[in-house]
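Some notes on the structure that comes next.
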């Protein structure tokens, strides 16, 4: 049972909305960044013996946001909170979940430990980027639940875009899980491409995509980071004479002018959720959080 | 016994110099920041059963640097290092060492806990900003040693500036500890002013400073942050017809155009150490670290 | 007659939307920031003899965005564009429109000169912050038009919030122009407070606000920067037992954790436009631009 | 004849030093950055009818620094300064001095125009990165002088490092001009390697370097940016069994953890000048500026 929602500074409007949906009070902490880069946190509401859900994404400036999160949770515990539940719409550092080369920091595990050892009891994530890990339970030693916002994303697309004989495209094998769900909501079929990563950005796509000819396409992925995968996918679809290409994702990380690159490649529009704030965050994950938080 | 020096990215040239002074090998980790703000760390040298001193300041971007530190230490431990010693030339977050207002994060303690729980065995700091805490031992639960670079700073000033009948000035009560040491090295007397803080920047100085008339002045403090204290001190000294005013500190945090403000107020020059890299970091703390690290 | 819309990287989704509304093609330039901070611009579409409207806000990182703008316009002219029209949803540097203290840069005028001398023929701004200047024509030597998005903002509020006996509040004398318009759209009355600025952030509000008792309030201002004015206004309204307080503005500059401060002060919600992208940019100025651009 | 030195905020300590060397007064402007990113400039010293040299590097945050420069110069002219001379230790944006691909901004020329049209009369640069342009005179329409700090750099190396049978290495054809000068100061021979650029960072080096066997090496280049060229050069030299490898450059741009990469590759030490402040800025260009400024 969650008693209070604490609004982390990176998800403040989302947290206020979740609190309203759930009929709970929202704690707005005082958070300042000093000129020397240090973060100041103050919690002005009574939290003793309360179960507090901290809604706080880690996308944008992950290190600043992690330190803010750790300061918040340790202070909540110090002030007597009974339980702290982390709601992390975008879990940063999830990629490096194994030691690919000798000597690497396994940062996914290290960040999970930091979150746990600060005093977090349970964690709720949205479409966490788990490749080699079957389930979020394997990453955290505390109770963890990973839920999907793809149905919300797909419902928004169905309602707001008039698409001609649409087909859903997942840009790589990992995206099949999201493409399948989106296709079901959009009541259509889907295909999944194959990708090879060359260095940090480049990708080569090897599948046949003839099926997209003259059909509008909805590309669905979990994350848009540099946009490289989306650009290659769009080029491939255009070669195959696809119709309008709508690009969608859950997490708009959008580094390195990804929007410019994707639009320049020929996307009709770009749609994402507010797990990270961005100019394309048109779909809120607020109902997904409000529905799943009581299940933890 | 330290076996290896690991050079944190914020203190890399300092660490290489300390390693050379101590006749030890330096580990240079691979450290990258991805476009999405995440930090990648890889340690390519064998560390198993080794005692590793990580030299890594927290001044500049304290949150990025803290996360890098935590990734480095947890990876060292994971790779089998016997012991990790933190050498933190500038310990960020030391100011907030108590709960001044209800609900505040006691960040000095929280950051100390993060450093400890990552697997740090011992810690060496330089002129840590400890106001209400008698000793660095009270902040950390692990073995901790705080040493001073003021003698190095004063020796540099004595050697490189020709000062006329100099006097050392400490801008507030807390600076007496440093003013006294600097005065001894410079073989002269010192005075200490009184300061009242109004808000984040403003200060009022209430002491008489007639003694500085026609004498060159060396102001000594631990930190220059916004420069507000230095500006007020310089104004006060100029009113009392001081000669040349040389401003010095250990930690040049230098936020908010502090250099401009201090020079505009009439400082002759500004001297600091390399606990944080800056345009006035003329004195290295390398010998201070090399001398004290074996004592831990 | 505008032939093409060029999407500046800070307003890219807005520009694409404006182009679609106006039935024009959008130029998406290649814009990259190199690791050393330099900006690279490339325009891959033919612009010779074309009249190009560059939609490019200056809010967020004004200096990066100004340099990008100058690179884009000079390149357009160099490539043979007939005419460049600047659409600047948020005109940064508008505050310093006079020399208040001896020796100050009159930055509003200097920035206007930079925009002009790059080759801009005409300029369209939205609710530019003009205090001492009667009209945007006095700031620019080229043809300039300043239009208001307050009607769009007020219409959004009327449609999306159920307010009980609402009253519009302008936080200071300058906001009367916006409060009046919003009150008309919301079909209600308005009051305007008096403000005194003390330093960079603090304000004192001296007016009587008894009229707000038990009424929901819509505060309307042009800009929310640090949020100081909004916080003081909310405190004043709460003391007078106002109902729900809805905070709105055109330009969500939102520096220094303004959202935290405003919500902590007791705002029910915060609404702004997309002249600057932010978590509260719920209202698009796209129709305002599409309607007024042909008038230039 | 220069009457006054104005210290740009990015070169403030360098400018104060130049002023002292030349026996001139230094103007320290008030420069602040507001929370919204705008820069405030105020010049509190009389400049009417004076010839003012503005010492202001463009390395670090080139766009912020360019805007500061433009605000400073236009204000100086506005306040009646007779002449403004730009001293730009590191001229950013010099790379893009031609249109390599259709539609590119020729940013070197555009930035030069901005500097000129702000009211600059003459310009002094240090080792400007001019590849396709024979002389700085071709880039600027105003009187321009480009001087070299390589002799100072080489003298520092000769004095502070004991090198065994040293040889100077230029990492590519363009570096021959600097390698030749450094070799002369160090009283030894030099070789120049050949480089091919693949993408933004990667380089391949094709020359034979057998001559470096058992000899200490001083690599000399104008700029270290990402460090990619230096890393490849070091690998090549190590394969050829070179002795100690000392890396040196004029402009330490040092993006993307260049220091880590260079030290990890096996450099003994890294030396640069203070045209850009960095942890390796051991050599000041102050005498080079003081000597050449009167020649303009």
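Which chain is which? They are A, B, C and D, in the order written, and residues in each are numbered from 1.
The rule is simple: a residue touches a chain if its C-beta (ideal position, glycine included) is under 8 Å from a C-beta of that chain, and two chains touch if they have at least 3 such contacts.
Quick caveat: nothing in here was measured; it's all calculated off a predicted structure.
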{"item": "Chain labels contacting chain B and also chain D", "value": "none"}
{"item": "Fitted rotation between chain B and its twin chain C in degrees, CA, nearest 5", "value": "180"}
{"item": "Label of the chain whose CA centroid is most distant from the centroid of chain A", "value": "D"}
{"item": "Approximate Å spacing (C-alpha centroids) for the pair chain A, chain D", "value": "42"}
{"item": "Rounded Å distance between chain A and chain B, as computed from the means of their C-alpha atoms", "value": "38"}
{"item": "Whole-Å separation of chain centres (CA-atom averages), chain A against chain C", "value": "29"}
{"item": "Overlap residues in chain D, where contacts from two or more other chains coincide", "value": "44, 256"}
{"item": "Pairs of chains found to touch, sorted by chain label", "value": "A-B, A-C, B-D, C-D"}
{"item": "In the complex with chain D, residue positions of chain C that touch it", "value": "34-45, 59-64, 66-67, 70-72, 74-75, 78-79, 92-93, 95-96, 101-107, 110, 113-114, 117, 200, 225-226, 253, 255-256"}
{"item": "Contact footprint of chain B on chain D as seen in their complex", "value": "7, 9, 12-14, 16, 26, 28-33, 44, 256-257, 259-261, 263-264, 269-270, 274, 277-280"}
